[in-house]
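Next come two complexes, and both contain subunit A; in the first it sits with subunit B, in the second with subunit C.
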Partner chain A sequence: MAIPIKYNWRNLVVRRTTTILTAFSITLTVAVSVVLMALANGLETSLSTTGHPLNVMIMREGSQAEGFSSVSREGVRIIKDLDGIAKDDRGEPFVSPESIVLTSLLREGRTQGSNVTIRGLGPDGVALRPDFKIVQGRMFRFGLREVIVSRRISQRFQNCRLGDRLKFGRGYWNVVGIFNAGTSAYNSEIWTDVEGLMSEFRRDQYNDVLARVTSADAAVRVRDQVTTDQRLHLKPVMERDYFASQMQTATPIRIFGGLIAVLMAVGASFAAMNTMYAAVARRSREMGTLRALGFSRASVLFSFVVESMLIGALGGALGCLMSLAINGVTTGTTNFTSFGEMAFDFRVSPELLAAGMAFAVFMGLVGGFFPAWRSARQSVVNALRSS
Partner chain B sequence: MVLKLARLLWRNVLRNKRRTILTVSGAAISLFLLTTLAMTYRAMGTPYQGAESMPRMMVRRLSGIVYSMPSSYGPRIRTVPGVAAVSRMNWFGGYWVDPKNEFANFAVDADTVFDVIGEASIPGDQLQAFQRERNAAVAGQRLISKYHWKLGDRITLLGSPYPFKPDLVLRGVFTGGPDDQFYFRFDYLNEAMGGHYDRVSLYWIRLQRPELAASVSQAIDAMFSNTDAETKTESENNFLLSFVSMLGNVQAMLLMVGGAVAFAVLLIVANSMAMSIRERFSEAAVLRVLGFRARHILGLFVGESLMLTLIGAIFGVGGAKLLFDTLGLTKVSAFVWADLRVRPDTLCFCLAIALLIALLASGWPAYRASRTNLAEALRFVG
Partner chain C sequence: MVKPIIETHGLSRIFHRGAVEVPALENVDLQVNEGEFLCLMGPSGSGKTTLLNLIAGIDQPTSGELRVLGEDVASMGEDRLAAWRNAHVGFVFQTFNLIPVLTAFENVEMPLLLTRLSASERKKHVLVALELVGLQDRSDHYPRQLSGGQEQRVAIARAIVTDPTLIIADEPTGDLDARAAEEILGILVGLNRDYGKTIIMVTHDPRAARHATVTRHLEKGQLLPLEEAVATPTAGSPPASVETEKAHAAHI
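And now, the complex of A and B:
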């Protein structure tokens, strides 16, 4: 027969101050941990969902990132003629030769610039990206110094709103549209046409080529043709794999977050332990009475552990609630492989909240276990005698 | 009287050993975390102490750090009034043996780099060897100690974005200045890249006087404006800060977490004090009946709180200082380098926070215990 939970709840309410203080230290631990993990989550999501499964990026052999790669016009011609390359709706090879430029733009309210990726796309470039959608304005036209800006960049940087004139390279460009590209890394870029970008920066080589293949087998055939062709010195990477490999930026944040969570949790557990030891000492006579009435040692132990876990649950619920405030907030960092700005949202997922609650209850459990053990060990007679 | 109270205070602290240990440990761990965060926050604001007043500046491409300038800029920059010395400086980005062994390595002009640095000292013969031998390299004392290198060691740098692996010989050690850095010769880089390598990532310059910073930067940037390779000249500190800002809004994040941790320490100590004082409410009343004044009671309880927190601070803040001084970390993340040690002002700040927490934690309950109506207090059953 277990001791009713009402007993524990009543005790928590009577000792309001200490309950609140203990629960709140658990709240802080949970809130901080969830926010940091939401940061890592958001970063990973923005990188892992980039790409159509049948898109292949073709770059220079030995390049770590698009920005450091180069593909000649001749190379693009050869790629277009490979067996396995899909056709677009006009019957042309479904490929987009692309150019990447990094330029330093000013964030709103800052004097230090950040590097933003400007991507020049071929005519099929937009069609190759299924998550792409214009949300304001229109698509850029070729050869007219027009650009479209991703929504996140337009929110975070100066001169990137619809209708603004943006300065980069040797002059000004008109922002004619704002776009969204799902939750992918393309959401931190500014797009324009590749020939216009190349002539602005006096380039004669593209950076890389994005191509659609007809099937997974075709991908293998294309890969073999590219790697064995002596003229090319190129290597193909599935678009998804390319962006996934750049996810390493998220790991340090997870480690940092984990470390902080553990250290704070130890502090919070010690507070809970303090509270529960005091509770056990104070309620010795009550415990003795309950034992005399017939409740078993196990029931008494269980009761105290439940009380501590209740404190944990209270703290955890408040902490999860507090952390919801950060969900969806946009922030950014630099992808140090491509050196471009990468904007992403904090993502508080249901799994994260559940983990936060479980963490809080666990802290309560750890805090309550030893005191509860102690309470159960006392003999009934001694307990009844204590003041 | 004070001595008697002090003995009573100490006895009270030792009364419930378990509670004392839990409180002190909880406070220590949290204060350790707080100190680490405060240290990082400080390092993000000023990567290297004293950097703000350093008469050195960086010249880079206006459009971004990934673009380069021609070598012809060097002599032209040297002619700008106020410039004492110029060196080319290309980030090489290699590691030694294992990818974990990452440090700042650069290709520089051996003839002028130490004139630019200024406050470093290197033995004359070692400097001459660096300037004479093509494949010579020099490294700072901290780097040498970290990797246990000796003069004459062969050092090969791997994993660089540049397509070659330099095979270098350590010919000099310098102390003072940026002693966690490694330099080899620009002409070695040039030769390895085919002999006509004309891409300079940075020009490192030294000013004749720090006050000339604004006029020199304007003069240099004006000299190259309207060319294909426009420049941006900024102080070394601002240059390092630009990498920090690339990380994102780190400082806001650190403040938020730091604030939460500080508050958590407050809760831990306040919880403990609230329980202690509640249990000793009637005791305090007895003391007051015996003749102790309200302020003595206040002093007793606040003193207890101070003792707990300060012992926690010694372990927590002191432990952090010891740990980071020993580790001597310099790398925050890719490309973000800073001196990660607990600086004296950070130490004082954290101790002050601990003091404040101690006072706040016990303030209200101690006040109540010292002021409540005596009869009520004597009757009080906790």
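And now, the complex of A and C:
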């Protein structure tokens, strides 16, 4: 039979200052860990949820990113005629030739700029993105110097609000709408007419073509046609696969976050260990009494370990609570594939909170084990003699 | 016919303090019969607490034989010994040793948590034990809310709640004033006389020793012969103590 847990809980309450201070070191460790993982989580969610399952992105052979690709107008015409390409509402091939430009814009409240992706879309570009929704203003008109800005970019950069005039290229562009593209990577972009954008930057080639295929089998047929057509020198990749492959951007964050977590956890575990050593020393006679009454060494060991894990759980709960404050907050980083700004939300998921709690309890376990072992190893006589 | 419940032959305990060996107990031959109230006396360092600890099963002898309640206690493993103590031995300590964060009820209940009794059965036993020591109305009080005498009474209730055969009391009145000490000794005498509990008590106080049926003395780790010991009759039990003294003399 284990020593009742109320014995441990009440001892923690009686020494509440020590308990809270020890738990707080675990709180900070958990909060920092969860926030860093939420950062990686948000980034990965953004990249993994971008794209329609039947959208194919067609780029130049050998290109790793849209920005380094080029597709000729002739290439676009050939793609439109491929077997397997779906038709839009007007009965036209459901494709969007697109162009990408990176421009440096100033962050709100800062003097430093960051690269933001400006995407030129064909007439079907918006329809190909099912998560797209105008939330303020209206859609840009093709042929005019009008842009729509994603809500996240609008919140983070200067001159990106509805009605603003944004300068890039050779002149100013009117912000006529703010859009939301769900959790996708498109939520970090500014969109405009592809022809206007190419003219602004004196380009005669698109970067890539986004096309809808009729089915999964059709995607295979389109792939085969593109890769075997000697005129094209292009490669097709499913849109979702393209953005998912960019999740490497999250890797440094996870590694860094993991290192920070481990370093902080060592410190927090030592704090718990210190507290439990003091508890063991202070309650040595109590433990001797319980052993004399018939409680085994194992129950003494278990009792102190549980007490330390309770401190861990308390710290973990507070840490998780603190980290919830960051959930949904928008932040940004540089996409290491496109080198453009990637704005995304911190995502504190239930799985992350559970992992945070487990981590906290584990720190308590590690911190409590050696003091508990010491207490259990002590002879009953020596324990009863201690003051 | 009285039967011995404690028998020791050549019992010794040596403590090691670094390279130095300290013989706390040397070749002790002792027999304690069922229903006795034995008092162990002696100066500090005479080995009385050591002998008590060995009998109670919370220490192991270095050599010799030790049988308590028919069991070879010295050869028991740790876990079996813990279970044996829970079933057969009740402890009363000089400093009461109550758990500060548990109420009187919860303190008394602790030994019962190691039994198979249900919560309602445990509650009955606890209340009976507290009633026996006159503290049934203080069951939800914490030790800090009790006087020294009351704390020791709770400790006695804890010691008897599993209905053990043997009660071990190490200086039970050492931290109490005279009045509280008399109350405690009165309870112990009652447990011995009315419930047949075998009690072994260590004390420095001759007044406390007067409540025992048999008194043995230790000196420098050795148990003095019985002719040098004093059998102390208590009210209502002279015949038992005389028989005990005769039995001891025949044994030696």
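We adopt the following convention: the second predicted complex is superposed on the first by the 387 of 387 C-alpha atoms of A that agree within 3 Å, B and C clash if a C-alpha of one lies under 4 Å from a C-alpha of the other, contacts with A are read in each partner's own complex, and residues count from 1 in each chain.
FYI, contacts are C-beta pairs under 8 Å (C-beta built on N, C-alpha and C of every residue); 3 or more make two chains touch, one makes a residue touch a chain.
Remember, it's a predicted structure, so these values are computed and weren't measured experimentally.
Q: Sharing subunit A, do subunit B and subunit C clash or fit in the superposition?
A: They fit: once the shared chain is superposed, the two partners occupy separate space.
Q: Please work out whether A:21 is in contact with subunit B alone, subunit C alone, both, or neither, and reply first, second, both or neither.
A: first
Q: Quick one: the Cα-centre angle at subunit A between subunit B and subunit C, nearest 10 degrees, please.
A: 90
Q: Identify the partner contact of A:114: answer first if only subunit B is touched, second if only subunit C is, both if each is, neither if none is.
A: First partner only.
Q: Looking at A:264 after the superposition, I want to know if it touches subunit B, subunit C, both of them or none. Which is it: first, second, both, neither?
A: The answer is first: A:264 touches subunit B but not subunit C.
Q: By the touch definition at the top of the document, which applies to A:339: first (subunit B), second (subunit C), both, or neither?
A: The answer is first: A:339 touches subunit B but not subunit C.
Q: Figure out whether A:96 sits in contact with subunit B (first) or subunit C (second), or with both, or with neither.
A: After superposition on chain A, A:96 lies in contact with neither partner.
Q: In the superposed arrangement, does A:31 touch subunit B (first), subunit C (second), both or neither?
A: first
Q: Applying the touch criterion given at the start, work out whether A:278 contacts subunit B, subunit C, both or neither, answering first, second, both or neither.
A: first
Q: Which value in Å is the smallest Cα separation between subunit B and subunit C when the structures are fitted on chain A?
A: Least C-alpha distance: 14 Å.
Q: Could you tell me which stretches of subunit A are touched by subunit B in one complex and by subunit C in the other?
A: Residues common to the subunit A contacts of subunit C and of subunit B do not exist here, since the sets are disjoint.
Q: For the complex, which residues does subunit B have touching subunit A?
A: 18-19, 22-23, 25-27, 29-30, 32-33, 62-66, 161, 163, 238, 241-242, 245-249, 253, 256-257, 260-261, 263-265, 267-268, 270-272, 274-275, 279, 333-335, 382
Q: For subunit A, which residues are in contact with subunit C within the complex?
A: Residue list for subunit A touching subunit C: 1, 4, 6-7, 10-11, 14, 285-286, 288-298, 379-381, 384.
Q: Which residues of subunit C touch subunit A in the complex?
A: Within the complex, subunit C contacts subunit A at residues 53, 56, 58-59, 78-79, 82-83, 85-87, 91, 93, 95, 97, 99-102, 106, 110-111, 113-114, 158.
Q: Using the touch rule from the top, collect the residues of subunit A that touch subunit B in their complex.
A: 17-18, 21-22, 24-25, 28-29, 31-32, 35-36, 39, 62, 64, 67-68, 102-104, 110, 112-115, 168-169, 252, 260, 263-264, 266-268, 270-271, 273-275, 277-278, 282, 331-334, 336, 339, 341
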